[in-house]
């Protein structure tokens, strides 16, 4: 008999599902009975999930095993090649932490939606809240899934919900096509994932995450030369075959977490309502990919090549997306690229062996990016749904609550001490550095991640200054729409978290002072043996290096990244914190004018901004818009085009069919005959 | 104590269909101008439900665990033939229920239902055939009524053209099958499947036997609408009355696979043939080409029914994976079971999708994607069911379509044919594009026309609802399906 | 009737190719010695009769049983007849006229609309709603 | 006794003549006649091999093939009739309202 909070664990996902059913059924048959278009049931359900999640987390902490695992067999295996399919719940420190994050952000987004959707007189609210409820239920189920197949199914369902919600404003031209693109691009990755799941089943006969029969453990035993052998394919040795499996699963991760080159859907997904962006495209669904890697970290840690690839993809995505954030006009576009970039950091952390660091960044990012999106939503309400930053300015005085919350999130995003993002990003970079000193690939990834810090600081504060500082540039900005309590409360809660959440794992401070401050590390180390942080640390295939002494390395790493973040922010301050900021992106040909007229105080920083940063950002942006997007669109148009050619053989004339049929038969006869040696 | 049923009683599903057909003939001959649609459709429905009931009963009671051979070994009843009998009977039941509304103003009601029953008789015998003679004749029994059914809208050019093409390609293909059978007989001297496996002397006659085997494969490829024997399929499915399209693309296709599974595993065991007559390789080629062509052509269609027709060709490619992944080792049972489970689930989801098209035709909605715009506002329930079918056909985990495809792919990977799975997965990714077009049209687009939906036909709604409910329920209930499919596969390998 | 019955001969090459493959294989095949006539004292016709009804007769020429096939053929012919009559019958205004009438160039005088909607409507029909093809 | 290979070649020739007819003729009735050739090619094989193997299985089966050919023609004629009524022709290449 398990403890009560564990018994109630299914309700964590079931409650939002009930709210989905309520919104759907009552909304369809008796819309008048539905309070606030379904918001109230949604808030109650997600709040219930939050309470239960916290309770489960406490229970996990107090439990002797540090976890709870239960499953039911869904399809029993039959015959020789038997395997069972199971549905199960796995509660351990990692999953309960994620449950708390998801349900917390979900509650706040539901509250915020009251202001963003209800007060703005949107129609179709039951559909909106039904989508949110189904999404939350699927995401929570994904988080506590106990095996890869179950995880895959809910992984697909969150993608489906994302599709429904991005396309919420289906009457406009943009959202439906954005929804379709998001769905298809992530699905493209998911099919690799599906093949990977199938491969894991075929190889290990199980996809369980935990237990002595789980596939990471089996893989470990096989590679260590002990325990049962497994089936491998393609004539590969186990190490190589496991790497293939790891890469296939990584396909799903890259699609869902919007990593290069499957990131193109995320900026388009900003067509959806802003609370949806905050919940799905910043804090939770996009995190699913990274979470999945963390979930089966015991498997990836065995595969050094795959780890290195993850780190490289992460580092590159972090830099690439950050440079593109520099040139965007719309506030949500900046945030979208920033999200891609930050998930790049998480991948970098995971690939570099920083399990705790990446999880830490996952947590802090969920808070500060949800905050930034909701803050942007608040600005958008104020601006009557105009998202162009060049039409804003001077909103600081008009909406102080939003401003200070947004500032807190921006400081966290830019990585300014002591806001949460600093601690987690610093830890990611530190892990990449110490392992990179012994591995050139990781060092390259680290370098890209480090460079991205500068761009992050730059675009973040460019956004802040353009939006809130200076003089209002339009009439709307001079007289913004007021926002209500339901917008402010979530902002305040998340603003506080963005400021302080980093304090749970202050590694540099701990190193310097010797005080034990690594609470998150302890938390993630509390689970069952095979899922703990130090178990993963043992498996990591990297050696650690240091510069001088450990203390010096820590301080150097923190100092460099902080310095870069500050200089990026400073460059933005110089260029954009003026009453009438100029579109520097449009003036590249007239660098001299700009130099002489406005910014002679600090030629170097301006040169850095205008001569290096912006051109680089523009090139990256062009590359993304032209090449990557072009390839994605190209693949689909090539498919359609070749489909259009292929179908032409169906001429409608039955004699031609008979001819093709006969020719097909003859070709088949000859081919099989030649291979079989009949002639 | 227990009363032992005679051996022929194991053929109860088949006999039920024959009896239903005869009763329909009787009704029709007593009153040739009968307008009593309820009586005719009711008889056919009762017949197919009783047949499904018999099949389910026998399956659960374990009748087929020890294979019965009947009538000088020319028929065999085992868990595999019963499994497929259940598939055909369920599809037939849905089709006849839906036809009650679809054929409402049509003459030839009696003949229509009688022909459906006769075709179903042929289908239930196909997986039970243990002799190439019975294979050929039961295949013809399934085909001939289908030709007439496709062309039954005699004043509709599309229907007639579809019937013509189906018939001509069918006649050519069945002749190829007959010629193949004659060559196999020539080499082995027998028509009984197990004896072919033991009697064949490969020495010196490899080529003759090989041509025979591949021609038989061609005959089955026609029935399953596999490339290059598929050319009839897009037109026949598009032109036929939509319930008949459902019947052909679900039941008839499954029958083709059932008979192919039995003939190729029993008469031409992989181990003995792989070196000289590598029919597995041939099936692999067919599978890849069929998947790719079906999906690519479906992606560019303008009309929903034709899109479904091509998608049905694509699905034949997936099911061919079951045959293409045979190795003669322990993995065969798994992958064959995967194929059978997929055909069962496909029977429900694909029938449902075509019946939705039938509903749209009943309402005269029009046939292109644009014509479906905004339909969900008028008919939310039916559109929700259609959405479910579309997502299931694409393999999203909202119903059993995901599970069965997953097991099929898992079986192929387990047998070492990971590249077949990869091709299948890529094609599935593409298929989502065109399936989601339907969903988008129904739910997201604004209506471009006024729908004249006066009534919600009970029969069509009932059949669609049944298909939707079963498709969803088989997701949690996939365990028993899988167990039965594995039993059925175990009967062959 | 058709003015030009003969289509292009080019597709016929496929048949020639098929014959080539078949002939090569058949000529190279080496069949063993034939069984040398039928064993059994009953005549061929009588033996076929026994085979059709699965009657085990000691003197019959050996054959497999075809009882199932025989019964099935009965059903097949039944179905074929039913289908053929159904298709060939012409009904005008509810009156069923002679089947298989030879004046096939008739124009359809009935105004009765086709109840259901199978394939593509022909181009000159008055059905304006469905112009897509 | 005539070697079995001769019968095989004969049947192959008949079969391919049938296929040739199907591929090059447009008249639906000729199409049907060609199908008859195809089935009878199979019958030649069946009867010849029946003699070769010394059992009657092939001969008996060839009778069933004949019956099936009759059934197929019955349906075929029906379809050709409705084809003629709709397209005013028995040219199989005329019915092309559905394609691609």
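To keep things simple, chains are lettered A, B, C and D as they appear, and every chain counts its residues starting from 1.
Quick note on the criterion: contacts are C-beta pairs under 8 Å (C-beta built on N, C-alpha and C of every residue); 3 or more make two chains touch, one makes a residue touch a chain.
Computed from a predicted structure; not experimentally measured.
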Each chain counted as touching chain B and chain D at once: A, C
Distance from chain C to chain B - Cα centre to Cα centre, in angstrom: 21
Inter-chain centre distance, chain A versus chain B - centres from mean C-alpha coordinates, in Å: 42
Chain A-chain C separation of Cα centroids, rounded to whole Å: 61
Between chain A and chain D, centroid-to-centroid distance (C-alpha), Å: 63
Residues of chain D whose C-beta touches two or more other chains: 4, 8, 15, 19, 22-24, 26, 52-53, 55, 57, 61, 64, 68, 71-72, 75, 78-79, 82, 85-86, 92-93, 95-99
Residue list for chain B, restricted to those that touch at least two other chains: 133, 137, 140, 144, 147-148, 151, 154-158, 160-162, 164-165, 168, 172, 176, 190-191, 207-208, 210-211, 234-235, 238-239
Multi-partner residues of chain C (each touching 2 or more other chains): 7, 11, 14-15, 18, 21-22, 24-26, 28-29, 31, 64, 66, 69, 73, 76, 79-80, 83-84, 86-87, 108, 119-120, 122
Contact graph of the chains (line, ring, star, complete, other): complete
Chain A residues touching chain C - in the complex, by the definition given at the top: 655-656, 658-659, 662-663, 665-666, 669-670, 673, 678-679
Of chain D, residues touching chain C in the complex: 1, 3-5, 8-9, 12-13, 15-17, 19-20, 23-27, 30, 51-57, 59-61, 63-64, 67-68, 70-72, 74-75, 77-79, 81-82, 84-86, 88-91, 93, 97-98
Complex contact set, residues of chain D against chain B: 4, 8, 11, 15, 18-19, 22, 28, 31-32, 35, 38-39, 41-43, 45-46, 48-49, 52-53, 55, 57-58, 61, 64-65, 68, 71-72, 75-76, 78-80, 82-83, 85-87, 92, 95-99
Residue numbers on chain B that touch chain A, as the complex places them: 164-165, 168-169, 172-173, 176, 206-207, 210-211, 214-215, 218, 227-229, 231-232, 234-235, 275-279, 281-282, 285, 293, 295-301, 310, 330-331, 333-334, 337, 380, 391, 396-398, 402-403, 406, 409-411, 413-414, 416, 418, 421-422, 425-426, 428-430, 432-433, 436, 440, 443-446, 476, 478-479, 482-483, 486-487, 489-490
Complex interface listing, chain C residues touching chain D: 1-2, 4-9, 11-12, 14-16, 18-19, 22-23, 26-27, 29, 31, 34-39, 44, 47-48, 51-52, 61-64, 66, 69-70, 73, 76-77, 79-81, 83-88, 90, 100, 104-106, 108, 119-120, 122-123, 133
